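My questions all concern the structure below.
The letters A, B, C and D name the chains in turn, as written, and every chain counts its residues from 1.
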Amino acid sequence: MLIDTVLFYIFAALVLGGGILTITRRNAVHSAMWLIVSLLGVAGLYLQQQAEFLFAVQIVLYVGGIMVLFLFVIMLVNLDQAARERQFNRHWFVALVAVAAVGAEIGYFIYRGRTGFHIAELGAPIAAPHALGNTEMLADTLFSEYLLPFEIASLLLLVAVVGAVVMAKKRIQ
Amino acid sequence: MPGNFATASDVIRFLPEIILAVMGTLLMILDPLLHRRSSNAFGHLSILALAGALGGAIYAYLNGGPAFGGMLMVDGFATFFGVLVIVAGILTILPSYRFLARQGAETSEYHALLLFSVAGQCLMVAANDLIMVFIGLEISSISSYILAGYLREDKRANEASLKYFLLGSFATAFFLYGVALIYGSTGTINLAGVNVVLSGPGAPSLVFVGVAAALMFVGLGFKVSAAPFQVWTPDVYQGAPTPISAFLSAGPKAAAFAVFLRIFTTAFAPIGHGWEPLVWASALLSMTIGNFAALQQSNIKRMLAYSSIAHAGYVLVALTARSEVGTAAAMFYLAAYAFMNIGAFAVVSHLSGKGERYQNIEDFSGLAQKQPLAAAMFSIFLLSLIGVPLTGGFFGKFYIFKAALESHLVWLTVLGLLNSAVAAYYYLRILVMMYMREPAEATEAVEPLSPGLRLALIVPAIGTLFLGIFPNWVLDFAGKSSVLLK
Amino acid sequence: MLDLLWLIPAAPFASAAVLLLVGRRMPRKVVATLGVVSIAVSAIVSGLVAIAFIGSPPPGNAYDQHLWTWIAVGGFHPGIALYLDPLSLIMTLVVTFVSFLIHLYSTEFMAGDEGYARFFAYMNLFVASMVMLVLGDNLLLLYLGWEGVGLCSYLLIGFWYRDPANGRAGQKAFIVTRVGDTSMAIGLFLLFHMLGTLNIQELMARARADWPVGSGLAIAAAALLLGGAVGKSAQLPLQTWLPDAMAGPTPTSALIHAATMVTAGVYLIARTHVLYEIAPAVQLAVAIIGAATLLLAGFSALVQTDIKRVLAYSTISQIGYMFLALGLGAWSAAIFHFMTHAFFKALLFLAAGIVIEALHQEHNIFHMGGLRRELPVAFWAFLAGGCALAGLPLVTAGSYSKDWIIASASPSPALWAAAIAGVLLTSLYTFRLIFLVFFGTARTPVSKQPGVAEQIPVWVLAVLSIVGGSERPAYRPFMAHLFGATPKPPEALSTIAAAAAFFTGLVCAWYFLRGDAPATNPLARFWYAGWGFDWLYGRIFVRPVEWAARVNHNDVIDSMYDGLATLARFVWRGLALTENGKLRWYAAAIAGGTLIFVALVIFL
Amino acid sequence: MMSAVPVYWFLMLSAVLFALGVAGFLFRRNIITVFMSIELMLNAVNLSFVTFSYQLKQVNGHLFTFFVMVVAAAEAAVGLAIILTVFKNRSTLNIDEVNSLKN
């Protein structure tokens, strides 16, 4: 049990440290790198909560796919110029207070409602996550109950492909 | 049920989306074959697709019911909004022919994205599960982001697209956080399920679900441009291609309102007293900000954007009523609004000229002399936006305020009426420009009305007047369909 | 015959639609024919309907023509339905008939104007809306007509749009009446909400049954409706728009801003008189507003230099009489005065139009003079109209209606005195106008004599201004069905007092008010001109007049509206700041909104 | 089986991460970094979903997370394309300089 707690702290540190550095580094490439660290931390937390499939997807899709895309774009644009610009706006203090307030608010109410999560459990759980193994259970649900969203997600991706092509095409005419 | 693939009835109830998705894909396939030869063909095909989807939606309604294990609910409500967004799609395409030709833009992707967007909205309005709401919303939004920046050489369109995209994703994150909290506190993301848990014994505390509702309000309020999440609207409407501004103000807005109504009057109905103050405040803020900001606005697209914010406020008044009459009133209003607003934007698009040079209210000077038909139709739309009797806008407002009064929202009603009094001023300014000024540069340069545009003006005008003179039929249907919880 | 009722609004509406859409391409003859004939149809139909109605009154002395059900949801079924009773019959008759004459006049008056088709389209639309307002059997139709006439008024005031001042006048009219309209809309909503029906007759019946006399709801509803009436009829404190509205073409001023639209407020109150009967406090307010307005507007009329503005203030003042009558419960007297006023005021405006046209758009009465011989038609018309307006006893229509009102006021000495003082003022400004314009020496050459199309309406109206009051004996029982029989007030004393006031005014005007310079500062001017002027007159009369004129010269109340506009601009500027184009500000707004919303939920 | 870590710790962590994302969105001037902040917010949401799912012994939350990831991928493709176009037209990625549309 102790190991769980220790692992949680390690991953949480990765998540938060990565997050903070993501939004404070001047250089966009560094930000992206720290974002990857943060995402890996989240992946670790998934694993800790027995979401193996999502752990894999997080690494393959997020770290391997999305972040590479980010880096690619950062390389494409003029980095030097971006780096020279002031990175924070003048009203950062006001914004910081606002954000702290948002965080505090949500945190406060999660803390207050922490007992609330147990109240609303819908009867008996469908099945313990381990009965079938996470990935199998996920597949089972995905291809029955969630068939429609799964199919429709393809439309979403098609839209994204068309959209990206439209935006990236050369001159009109 | 689990393990089974789609049944025949599932497919029938899903017909409009299938038609739209298939036709959209077809457009992309035809692109290399048809390109340059006849760019109008894509427009024709899209209208065909939308007409098919319209038929499909009606056929689906006749065979209505839940589909895909309760993911979708094809009922009167879904059909009403489905038909609405499809018609909005058709009315967007009609003025687009000339518009795209004038700007020298490709037509295939434009129409494909439009079809996809409409498909996403059809999903949204029928969604009975938060995951479908989310995916529908995203399909509709992502296509809209691109469409807003479709003229990618145009700096303004670019900027509109960027702002819409970044702020949209920002708001969506809040929405998702709300969904997560709902899931955490009720253990389900099915709307009916949420309702059951919330109204049953041992429901989670109001604070908890209330915060979730507030966060979801952020995401949906953004899409319908309700204050204080309306900030993007003027910039995006101004920068986007005019037919797309029209579309944004009708299709995605109506669909987002449909989701709004469905979630808040079914899933969150048991905690109505919790979210009512939020909607109340947002309604009042939207009306006031929209109307006052529009007062002195000189850019017509921005002005219509502010007016769109104000109209979102009126619909929120109906939502605040928390009654079936309110829901029906919102439905009717959105239908009327779609007609009058798309019509108004069609006139703006007609006049804007190459590169959308003419966007000022002064540019409408003397339109009545040059093109009496366009001016007369525009007058109908403006009068309807004001809420003059015999137009759809009047009945919409009347019905909304009636619903509000029945729910004892006296102050909101009075403030709403005061607001609509203020609003008349800026709409009439345009009327004055058209009828009481000499033609100026823009009106001198205006091109003759193409057949497509003629339709794009006359159809919404007929719709607006029809809803004002014979509102019965639509009101009946809305009244019947507003019973979302059986 | 009664089933032709629908034609009365339909004919002008159809003509307006045609003229708006294709009028520009039609030859002027066709435009004029269409514009006039459509109104003629309305007038003839209303004549036929009137004959049928009076000849064989329908059961209940009212006729309801249901055209189709507008909506039928949630237990209420307002229809497109017309309701004809003595009140709406009189209103319709007068409106269509006077409209017809004024349209006929316009065919010549507007002949040189490039916006010919537009003019007739708006005018026809106006007539259709006005008739709808009068005949509508439910609040929705009433409101439709109300908004419609407001819109047409706005469009017509700014008709000669090349002068920006005209546009401003139109906007001012719009904004000021809007204040009243909003009050009325809220009042209508209140009525509908509390009594659960839109049908006016049912509303009144239910109000009478449900609300005790003096109940808060009745007072609120009556007061809110009064707000609308005050705005539309240019009564205190919303009177300031009407003089500026004279920027419109003269036939417009005659039709909309004198004879018909501005009396819509009177109609509204008469139509809902039940409400005022159960809200006596508001009814008293109506009387006081009427009395105050008729005096203040009378003072203002006395010092104006623009011929049309004199008439405008006179209109405000005369509607003040109608309000006074309404406030006194003399409903029929108010409507009777509406009718005679429609005749003589339209006549005065049309005659003024002839004068203005003849003198190259000269509006200043101090640049006129001696037109008695140059423009005899205008002179005789003006004389007939002026006598009716000022109430030349026994021979003019105006005296019959006004004496009735004054007699009704006799129970209240203060109101009675105000009414008599009003007669004196009316007589003063009317004859000042006549003397300045038609007597003395000519200052501007006459360039045009009125043609047939202008003369016919003027003659007809002149005759009506004289004899239009003679049917009063028949009128009184006719209206009694609706308003209840009221005992005929003793009129002898009032008539004598009014006659005395009339002649005093006439004589004073002859002696004191024929100065040949603008009376912006009458005291000084009169000294210089050397007209018989004595210390008493200066002390007792001119000073108060000057004071009243200055106070009421639109400044006080106008600045209030300016304040409103400034406030709106201020709010706008604040809001404009939030739209600064910076994405991060927008995001901050969204985040801030979220913060507040979440806080609302947690802490509320 | 149950982790010794109280469930609301995960939720707190997720809330803080969400707030960090909001902060990044509001502070940063580089559009790409702003966009990355959105990814942080989405991850915070996902973490909440997984936690709740674990708590409820369901896989529905996992599925929602999965779809959020799919959507994130789609948004990334489209968003980066939009950002590239903006850069091509304006040669800047400073978010404050993209403000030609305003009152």
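Simple rule for what comes next: a residue touches a chain if its C-beta (ideal position, glycine included) is under 8 Å from a C-beta of that chain, and two chains touch if they have at least 3 such contacts.
Fair warning: this is a prediction, and the values are worked out from it, not measured in the lab.
Set side by side, the interfaces A-C and A-B show unequal numbers of C-beta pairs in contact, with more at A-B. If you average the Cα atoms of subunit A and of subunit C, the two centres end up 69 Å apart. Our note on geometry: subunit A versus subunit B, Cα centroid distance of 30 Å, whole angstroms.
With centres taken as mean Cα positions, subunit D sits 6 Å from subunit A. The distance from the centre of subunit B to the centre of subunit D, each centre being the mean of the chain's C-alpha atoms, comes to 26 Å. Residue positions of subunit A touching 2 or more other chains, listed in rising order: 89, 95, 98-99, 102, 106, 109, 117, 121-122, 141, 146, 149, 153, 156, 159-160, 163, 166-167.
Of all residues in subunit B, those that touch two or more other chains are 131, 135, 138, 142, 145-146, 149, 152-153, 162-163, 166, 170, 177, 184, 187-188, 207, 211, 234-235. Shared interface positions of subunit D, i.e. residues touching 2 or more other chains, are given as 11, 18, 21-22, 25-26, 35, 51-53, 55-56, 58, 60, 63, 67, 71, 74-75, 78, 82-83, 85, 96, 98-103. Arrangement of the chains shown, judged by which pairs touch: all-to-all, with no pair of chains left without contact. Interface residues of subunit B facing subunit D in the complex, by the touch rule stated above, are 130-131, 134-135, 138, 142, 145-146, 149, 152-153, 155-156, 158-163, 165-166, 169-170, 173, 176-177, 179-181, 183-184, 187-189, 234-235, 238-239, 297, 302. Those residues of subunit D lying in contact with subunit A across their complex are 1, 3-13, 15-24, 26-30, 32-33, 35-37, 39-40, 43, 46-47, 50-60, 62-63, 65-67, 69-78, 80-85, 87, 91-94, 96. Residues of subunit C touching subunit A in their complex: 584, 588, 591-592, 594-595, 598-599, 602.
Of all the residues in subunit D, the ones that touch subunit B in their complex are 11, 18, 21, 25, 31, 34-35, 38, 41-42, 44-45, 48-49, 51-53, 55-56, 58, 60-61, 63-64, 67-68, 71, 74-75, 78-79, 82-83, 85-86, 89-90, 98-103. Those residues of subunit B that touch subunit C in the shared complex are 162-163, 166-167, 170-171, 174, 207, 210-211, 213-215, 217-218, 221-222, 227-229, 231-232, 234-235, 274-275, 277-278, 281, 289, 292-293, 295-296, 325, 328, 368-369, 372-373, 376, 383, 388-390, 395, 398, 401-402, 405-406, 413-414, 417-418, 421-422, 424-425, 428, 431-432, 435-438, 469-472, 475-476, 479.
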